[in-house]
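Multiple structures are listed underneath, in structure tokens.
Here chain A shows up in two complexes: once beside chain B, once beside chain C.
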Partner chain A sequence: MSACAQDASLPHRPAAFPRAGSGWKGEPLRLAALLAPAAAVFAAFFLLPLVRLILIGAGGAEGWSAYLTTLIDPGHLDSLLSTLALSAGVTLVTLAVSTVAGLFLVRHHFPGHALLVALLTFPLAFPGVVIGFMVIMLAGRQGVIGTITQALTGGKLVFAYSMAGLFLGYVYFSIPRVILTVMAAAEKLDPRLEEAARSLGASPWRVVADVILPALKPALISAGALCFATSMGAFGTAFTLATRINVLPMTIYTEFTLQANIAAAAALSVLLGLITWAALAVARSVAGTSVAAAG
Partner chain B sequence: MQTLSNRRGLGFWLQLGFTLLVCALLTVPMVMSMLAGLTANYFVGLKSGLTLRWVEEVLRVYSGTILLSLQIAFACLACTLVLGVPTAYALARRPGRIARLVEELLMMPVAIPGLATALALIVTYGGVGDLRSSWLFILIGHVLFTLPFMVRAVLAVMGSIDLTTLEEGAASLGAGFLRRFATVVLPNCRSGILAGSLMVLTLSVGEFNLTWLLHTPLTKTLPVGLADSYASLRIEIGSAYTLVFFLMIVPSLILLQGLSKRGRPSV
Partner chain C sequence: MPDSFHLDAVPIRLERCGKTFAGSARALEPLDLTIRGGETIVFLGPSGCGKTTTLRIIAGLESPDPGGRVLFGEEDVTALPIERRNVGMVFQSYALFPNMTVAENVAYGLKVRKLPRPERARRVEEMLDLMHLGEFAGRRIDQLSGGQRQRVALARALVVRPRVLLLDEPLTALDAKLRDSLRLEIDRLLRGLGITAVYVTHDQGEAMALGDRIVVMAKGRVAQIGTPREIYYQPADGFVADFIGTMNRLGGTVRGGMLNIGTASLPWSGADGAVELLVRPEDLALASEDDGHLGGSVAAAVFLGDRTRLVVEPTDGPALTVDTLGRSELGRGDRVWLRVDPARVLAVP
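Let's look at the complex of A and B:
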């Protein structure tokens, strides 16, 4: 008997389906063989190195407690806390901005609508270094914001090369993805719910607060977790703006290249990996399997 | 004004204004950097005249990085096709707890920061032969990072068509597995394979988080060169270089947007 017929998740199979020739024999074996190359590459070049990294983090004289020592080192703790604060701030601002824009784009259609959506989702695949350069174009020494503020007030506002610039960069990077998620979720909303609320006398604000936002909650949590994880682990933007910005990826990079403190770099990367992985696990558990992958 | 139409009331215009502002935030720096790459002297402004001088300079100095990035991107595409499409098929054929676990594991290189993956690769394989100084070292990182995007794109399409019935039809006519895979499974997954391929190429050409630690002076990719030029050269060259990068990824981004509009879930 074919193992396939036992599989309850293939409901449409007729019970008395004639097994054609040798085509179905040994299917589990064949599937395992199809999976094998990817599994081998993955195990050799990801799982094994990851285990090695975890062991190196605990490889010093202190053993596993080195993880704790590395974490409570004042410099590292400071960097971890500022990265957490930055990512939380970026997530909140991105969610607010993208929800307003995304809801508007789903609920109103007007000439130029498609172009606007295309432009808003364009920077989706920009690498961190390019995002950093976009921030320099906006808020750098020769940036738009500096030019405008100089014309208006006489003082040049330049904040690209600091935590504020990084904040702008991560919001810039996250907006397209979150807008797409909000739009996809808002398109699935049942318009009758909103009509019912209106007919019962709810004001537009009440409709948004009591009907629309609760319905969007899973999408917002999942998009927010994704945005948080990306902001925690991103490296290119900080690298472009200034190496002095105190965020965890920059700290790891400095420990590794300048201090040659490989154990601390390993321990901090494992810690950072745990945080981003946990945030994405939240995203997946809330949104089921339909969550968009992080870029 | 609000009484004229309740749809186009004050709220509409405020929200439209806000959305346009967000759009400006995203597009103004792109346009500025493209113009800066074509301006003779950015500090003086457009009145200094337009020129292709900076683009030529970038192509002269950095053509090596551009070629290496393309080489890695297409090698990465070949690897993710060979590894990813059979994986997606196996996962689609036997959905369940194990398939979910495999998918979850494959996603890990995306969930974990590239910096951590790169460090792990360096401490494990940095001393093995000449691998550290070879472009293959970067390729390994890119394959790990892009493989889940290929698997997910193909899996999404395989989940939306009735693969079992199609295959059974072919099997009942006597087609063996290889024949079914080549003539039934693959053609039906075209759109997913195409979307996955575009995604893999775009991500590989732009990958920096992993590549910065994995590269050596002899294996500089385009984003590594970009970071170099932003840090050390005049803004016109950085801009012209960014312009070249945009020109490389824009075609695939537009194609991807077109594909997702036709109802395919985008990755």
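Let's look at the complex of A and C:
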């Protein structure tokens, strides 16, 4: 092309295609102009508050060491650890339940199958407050479980207003999303792989361990990380159940609104953000797509 | 081939094995079949005729309809699931475990059988060498070509010394050249191992080359069982005749022990009346006008290298396909005469 354009015998012949870049001199500028609105929004709603938050965390009497003090405060540390434990527990139980249910739903078709899948994914539509409300209906003072246990044993079993209630609510909320992920991944499994393993003598359990779980692993890791991040940061359910539940988002709320301990609240927020971000980064790197926490 | 590779040749018997899938028509009519120990039997037929279903019944992946029985030697395995039948399976899609290396794939069956590690390693190495896969032992599956993958699948199936090797269109996913070379390799392997093998294909070339016997299937039934020669030269019916190779149909009449086709009258044993005759393209010979039985003109000539395939339109009757020498100069519109050898003509039963 360039040889043609430079050919002296054809001085007036226009080049059919402009050389790469010749028509795009203003490229970087134009790009910057296009990105400017996004950059402004990013700065206004994300970067500035974040920097501010980080600075507030260090803005108290103790300066940057406030982060350390906040962390080693027994109350805060306890809150952090119990939130981590709760989220890990919720993640493991959700993965186990959803993997079994998801595989079952993909492998077995029966009347009402579509309806059951639709029902199972219903909680996806609920905000945290509603989930909390449902936990109270189930395990609260007037709840179904309480009524049944009272009739059977005379004692009333009530666990809605505690970690156990929160655990139940989070599992209930997390299962649909993980089931959907597992089902999508399980649909893509090659049945020939399982048949090959069985022909080589593998029992059904071995097939699960050697063929199915390895194939589902990326989906499980990404769904699990998402579930973990959501449980770490969820607030609505905890707030509905009881204000004294010792999870990190509640602690931040109490420090901020009741104790007016703004520096500690900011430091804990940054910490929570980092943990959740790390979990989501795992999910993203495995799934290859962007995912976001909800709740 | 080392002695340790020679496998037990187990005969297989299917007794009244039919298959009806829930909510659909019968996929397989009740079938009786004996596969001799060490024999390679090929199921051949058009798509949907029940080849895979039969193979899966032998494997234990499907159970036959009630009343059907599958026997390996003297043992009735009808109720045994596949994992307890000791069969080797090779699929069109390779079905190799993507999370394992080549060596781990091949070792899998031995690991499941809890073979001690040194013994396992020795047998895997031996098998990889036999399949010329030694240098790929540590590779991941996605680093192999299709032909290499299928050789790994064969190695994985054979290393556990199965009682029968079941192959479902193992070459269909490969390109033509690779298909030929791997087909030769499978042939060498099956003969060398002396294993009972069932091979499913819809490619008649593969069936002819590999099968000791071929089971031609159509619409869930067996149309014919026989050696490749029997299937080719003595097709049991019109379907088999048309499905295997190219077959011409000629109309003729028999009267008083003589068969009249075209201008010729040939000695023939059979009842008087009209007959439909089958004749292969290579059994119709070009002749001079004096020796010829049928006149016609060339409608098309296709040069295939080793031969030229002519389509001849006779004065009356359907067009005939005739194979002649590659160097033939005949072309469209040329007038030709054909000779029919009564010994090479079949009457449609």
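Observations, loosely collected:
Here, the second predicted complex is superposed on the first by the 250 of 295 C-alpha atoms of A that agree within 3 Å, B and C clash if a C-alpha of one lies under 4 Å from a C-alpha of the other, contacts with A are read in each partner's own complex, and residues count from 1 in each chain.
Keep in mind that, in the parts below, contacts are C-beta pairs under 8 Å (C-beta built on N, C-alpha and C of every residue); 3 or more make two chains touch, one makes a residue touch a chain.
No experiment lies behind these values; they were computed from the predicted model shown.
By the touch criterion defined above, A:Tyr170 lies against neither chain B nor chain C after alignment on the C-alpha atoms of chain A.
Of the two partner chains placed around the shared chain by superposition, chain B is the only one that A:Ser269 touches, whereas chain C remains out of contact. Residue by residue along chain A, chain B and chain C are tallied for touches, and B comes out ahead.
By the document's definition of touching, of the two partners only chain C reaches A:Pro214; chain B does not. In the superposition on chain A, A:Asp190 makes contact with chain C only, while chain B stays out of contact range. Looking at the shared chain after the overlay, A:Leu48 reaches chain B, while chain C stays out of its contact range. When the two structures are aligned on the shared chain, A:Phe228 is found in touch with neither chain B nor chain C. Applying the stated contact rule after C-alpha superposition, one finds that A:Leu116 touches chain B and leaves chain C untouched. In the superposition on chain A, contact is made by A:Arg206 with chain C only, not with chain B. No residue of chain A touches both chain B in one complex and chain C in the other. Taken in their complex, chain B has these residues touching chain A: 7, 11-12, 15-16, 18-20, 22-23, 25-30, 32-33, 36, 42-43, 82-84, 86-87, 89-91, 93-96, 100, 102, 104-117, 119-121, 123-125, 140, 143-144, 147-149, 152, 162, 164-165, 168, 171-177, 180, 199, 202-203, 206-209, 212-213, 223, 226-227, 230-231, 235, 238-239, 242, 245, 249, 253, 257, 265-267. Within the complex formed with chain A, the chain C residues making contact are 59, 61, 81-84, 86-89, 91, 93, 95-99, 108-109, 112-113, 153, 156-157, 160, 162, 166. Residues of chain A that touch chain B in their complex: 7, 9-10, 12-13, 17-18, 20-24, 27-28, 30-32, 34-35, 37-39, 41-42, 45-50, 52-53, 56, 97, 100-101, 104-105, 108, 110, 116, 118-130, 132-138, 142, 144, 172, 175-176, 180, 204, 229, 232-236, 239-240, 249, 252-253, 256, 262, 265-266, 269-270, 272-273, 276-277, 280-281, 284, 289-290, 292-295.
Residue ranges on chain A touching chain C, taken from their complex, read 190, 192-193, 195-203, 206, 210-211, 214-215.
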